[in-house]
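Structure, as structure tokens:
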Amino acid sequence: MDIIQISHYLDQLLDIHNIKDASRAVNGLQVERTGDIKKVGLAVDACQATIDMAIDAECDMMFVHHGLFWGGLQPVRGAHYKKLAHMMEANLGLYSAHIPLDVHPVLGNNRQLADVIGLGNLQEFAFHDGQHIGLRGTIAPKTGHELGGMLSEALSANVRVIGDGVIRSVGLVTGGAGKLLGEAIREGLDCFITGEGDAYQFHDAMENGCILMFAGHYATETGGVKAVGKHLEEQFGLETTFLDYPTGL
Amino acid sequence: MDIIQISHYLDQLLDIHNIKDASRAVNGLQVERTGDIKKVGLAVDACQATIDMAIDAECDMMFVHHGLFWGGLQPVRGAHYKKLAHMMEANLGLYSAHIPLDVHPVLGNNRQLADVIGLGNLQEFAFHDGQHIGLRGTIAPKTGHELGGMLSEALSANVRVIGDGVIRSVGLVTGGAGKLLGEAIREGLDCFITGEGDAYQFHDAMENGCILMFAGHYATETGGVKAVGKHLEEQFGLETTFLDYPTGL
Amino acid sequence: MDIIQISHYLDQLLDIHNIKDASRAVNGLQVERTGDIKKVGLAVDACQATIDMAIDAECDMMFVHHGLFWGGLQPVRGAHYKKLAHMMEANLGLYSAHIPLDVHPVLGNNRQLADVIGLGNLQEFAFHDGQHIGLRGTIAPKTGHELGGMLSEALSANVRVIGDGVIRSVGLVTGGAGKLLGEAIREGLDCFITGEGDAYQFHDAMENGCILMFAGHYATETGGVKAVGKHLEEQFGLETTFLDYPTGL
Amino acid sequence: MDIIQISHYLDQLLDIHNIKDASRAVNGLQVERTGDIKKVGLAVDACQATIDMAIDAECDMMFVHHGLFWGGLQPVRGAHYKKLAHMMEANLGLYSAHIPLDVHPVLGNNRQLADVIGLGNLQEFAFHDGQHIGLRGTIAPKTGHELGGMLSEALSANVRVIGDGVIRSVGLVTGGAGKLLGEAIREGLDCFITGEGDAYQFHDAMENGCILMFAGHYATETGGVKAVGKHLEEQFGLETTFLDYPTGL
Amino acid sequence: MDIIQISHYLDQLLDIHNIKDASRAVNGLQVERTGDIKKVGLAVDACQATIDMAIDAECDMMFVHHGLFWGGLQPVRGAHYKKLAHMMEANLGLYSAHIPLDVHPVLGNNRQLADVIGLGNLQEFAFHDGQHIGLRGTIAPKTGHELGGMLSEALSANVRVIGDGVIRSVGLVTGGAGKLLGEAIREGLDCFITGEGDAYQFHDAMENGCILMFAGHYATETGGVKAVGKHLEEQFGLETTFLDYPTGL
Amino acid sequence: MDIIQISHYLDQLLDIHNIKDASRAVNGLQVERTGDIKKVGLAVDACQATIDMAIDAECDMMFVHHGLFWGGLQPVRGAHYKKLAHMMEANLGLYSAHIPLDVHPVLGNNRQLADVIGLGNLQEFAFHDGQHIGLRGTIAPKTGHELGGMLSEALSANVRVIGDGVIRSVGLVTGGAGKLLGEAIREGLDCFITGEGDAYQFHDAMENGCILMFAGHYATETGGVKAVGKHLEEQFGLETTFLDYPTGL
């Protein structure tokens, strides 16, 4: 099975042609390579560190959440050259899925995070640019302190909890979605969980009585790539390895 | 001296008619009030907490960095109503200055932060939307670890240091300016300091060898309002008080 | 019944979440207040004069067609400060409905004006920005002079009639919709009635044989607020009063 | 002297290549014709009525303020066809100048209107889209009622006066510039005169203490074409005639 | 039958109100005229040459693919004046249909060209701005050289063939649609035929293995006007004549 | 001398930071490489064919007019992957200059073409998006036929001549600039020369009496890369070779 075939399968699995995203996400096959794929490296970010880890681990391709093109149309020089040159020299391919990986109902980052906190009665949440990019649901009542502690332990990450009180309903959007706090307020949810946000959201949370949690951009987005990796193992017998490179952000 | 007169003075001092800003900054007098001004409350944010502190402290007006209108054109209801209603009942006025307060060459947030780290040979930095909104300069050589520790102690804030090495040149933009890291890289600076940013900047810093510091949006922006407060005391004999409400972000 | 409850009822009645409008219309509750609502002041415009009339009449809230935010995002100073300060001091709330009030099929300004001239066979008219904002229909034949006189008497307003001839079909859009004359011409109607327009429409009317009537922006828009007032009286036993402040325009 | 030569002269006189305008103004020669020009018809609007008057008066060309293209790019059919066909059959040319005719310092509509009310100490006024399009100055003190009466008599037009009080300073913009009332308020002028506006300006004038006068779009714009006509008579010995077709708006 | 009646018929036949086009296409009746229509001149372009040919041939109106308004909103002077003046003097009307004539399933330029090369299994092709503007289908296998020769002979035009190989599937868009080559590549077609394009498409064709043919903008668009002409003859007994003025482009 | 140093020199020589261009031009170093540069391949287009020619000729880098990124932000797959992979495997660098190479006063494509036809009294021409991108001047009188023949022979290319007559003044813009014909007409030039254009320009040229020549996009743009190559030989003793791959367009 070569990278064109796997990419075609993943395109369908993650529905990348129908889900909207920033143009710089460039969902799908990002860097071609030749020959059969036997081992896939799973990473949140396609950065120099994870590329080198993939090469050391003798991966044939990487499957990532954040690809190589966030800098937009740019010359192949400096850090961008170095990454592409290492990949091509090692014949290492790359597939990237951004929002399609966040929102997949079973394998997605949102769903994986929902499972971590035992979120039930799941519904679509956070309508943004024509589609929902989050989930909402209910949990057995917990204080903000308790839920923050549970998250912190499960994700091995610092979790910043803003506000306190009893939580029964939660909206969540993995990654950097602090700006969507307003959606949770509008829907009257007790708590909004995301990876990171801006100082501007602090007062909105406090003054509107919605507990806000920043659980880390990286930490909230490891679930999706791991779940897709497991799916590829089961479906095609591919070997996978998780290339962990936490940023603490 | 009433609030119209003070506002007129501050408009000139901070040059608010010539410095560009987001429309939601609404620089200048934000909420009128009647009668003489004797006491001014200084705050980073005009939020319910600082408004209540100002009323308790019997302030006649507040001078802030972040005003009341970041939510855009909106009805006077909920949290927005409560803030305005408290202010009007207490006859509390409000003046706000955003980028004009960041960039004032003597009183500005950037300059106050530059003084904290002993930055010399100051030059304009970070050209953004037609104007420079930061400063660059040189320091006596220090490691990233050392400079981060110095900042943390001076600002009483957590400082996240990304990357390490010896620092001789620094670019800084107070507040939430992580996206301007690229300016520091382009100018070949050893270090970029700002208040907060996104996870996306982590790898840019690491792969381009520019040490990145997130020192807190709030913590990097207390300098300007304090400096203007001191100026008002000296110039007009007004009483001022700093209304400290750190967000930890 | 407090202002949040009445606002919720009116939001549904007038379908404000589904009808498009200029952002500055800010349809819905515009200024909150505390306590029970017993008396509602009805006005075309929320201006200083009608606000003072409402306070004198001991109204608890106003229901208006043109609200407080047509000036866009602006500081609370000068005339804007004075209006808000008077309202807050008197605990006077405000609800505003612009296009949703024009187009309501029973209570709307268009329908009220249609009834004034006995317009039958009503159909939607004047498709603008994704929705119809006017009505068209037929009347028993009259000359332009006769219909203009009838309008003038019924509305107690000067009516400017441009062109003449026998009228059997009429399109109407209340308020300042002269620019929509072209819709009436395209549909072959004998007459187009609106509140006000520009000199540019004079020749379009004359050269295309469509009689144009400017019956006053204010005069064509008193019907809707009165009809909603009557509805509130019947539905909830609220007291209402019409705050008449004609501009002659 | 043919129409190309006269057009070239007028282009320079009115500086049409440097003054900004709406694209639909199409300043300059609008409809070519053949042969020598001996008689020029002067009109505010190029409409069917004035075209027919020009043909009856045996004019070779028209000089107007409002040309033929306000409808934008459109087929040559209906009323537009009829006007062009009449012009071509009669070999009648057309030159149009919109904002360039408003702002000419000697011949312009603004200057002609300023002279009507004896405005002195003239200065540029009303900065709009990169240029000033009005004039401001001072008059011997008069009430709003007195100045309105003077205007009405001089222009033979109805003048609507909104507000009252003593007037010493006046800003004016001929035509349909009600939206620029805010400029007069910002500059602290006692009175703003224009041709026509919207009901929305009524309250702005009343609440900000700036007397507003609507003196008629047509009535405020006859001065410019007459002044240019006189100039052409003196400069080139051309015969001219004013084609008066008032709209009452 | 006058030109308003014929235009109304053609508007329906070609569905001009529902098919999107550039605003400068101004589909439909472009220049009115008076009296009965007996003879129609058919041309690709409404240029001075074809207008003069139509007048010489005593046509009452022209039916063209490219009308008079590609220059946008412009004064009636120079070449534009000359064309309109000739038409009005000769009482010659004009109807123009651009994309609606390309895409008509029976009479359209695309369909006429498809018939020339015996294209079967026709399907919509080249989705652009909300609609398909081309056709795709299959042919009996031919080399690029053979198909190019067939086209050249049938259209009496130079055909530039880029690339070579056996062709079984073809996508085509008449006129100047080189930029749509990518659609053919994406759909895996062997060959893309259009009228003209840019040098930029040369390498895209060569490197992606899709044979590209530029058969002439004019040459690929004579089919539609001829087919409509024949339809008008059969439907209404009108006389028609093809006004051939090839540009070689 | 490595590719960073040569790129820095070329950036200054061609002033790429001050000359505006399409974002997809990506002027400057496009693909980095390691080690010293000894031999430079010169080409109009960076396509698979010229890349392979450069590798065969053992070039260390290419200098081209049209770079690799005209397709915009896109994945590294298919033809794009193949080009980059070949370059990286062969350690072949790439520098590209688009409009900066057209307009350089000595080495530029425009100037080289001007010299071919002996154009004198050179002036800037064709103001487009804030800068002039062509040249105009005078020649000893020639017919269109003669000048076309001279061009054809000098460039070894087919030259399409539209219109005829005596030529004394010429405007030229190399490449695909047919749309700028209007500039030549407005300036009253006898002839406009460019590489390629659209059929739409045919009638504009004919009806406005300006002879139009399409001399080939490729053929008009070989001059600049050759001139820069010669400059590099003289300045740095580098070896260069011209990689000729004409498209005939």
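Note that the chains are named A, B, C, D, E and F in the order they appear, and that numbering of residues resets to 1 at the start of each chain.
In this text, a contact is a pair of C-beta atoms (placed from the backbone, for glycine too) under 8 Å apart; a residue touches a chain by one contact, two chains touch by 3 or more.
Source: prediction; values computed, not measured.
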Joint neighbours of chain C and chain B, given as chain labels:
none
Provide the C-alpha centroid distance between chain C and chain D, rounded to the nearest whole angstrom.
32
Between chain A and chain D, what's the gap in Å when you average each chain's C-alpha atoms?
62
Distance between the CA centroids of chain A and chain F (whole Å) is 45
What are the residue numbers in chain E that touch two or more other chains?
78
Treating touching as the only link between chains, describe the layout with one word: line, ring, star, complete or other.
ring
If we count contacts the way the header does, which residues on chain D are in touch with chain C in the complex?
45, 47-49, 66, 70, 78-79, 82, 160, 176, 195-196, 198-200, 202-204, 206-208, 217-218, 247-249
Contacting residues of chain F [partner chain A, same complex]
23-24, 26, 28-32, 69, 72-78, 81, 84-85, 88-89
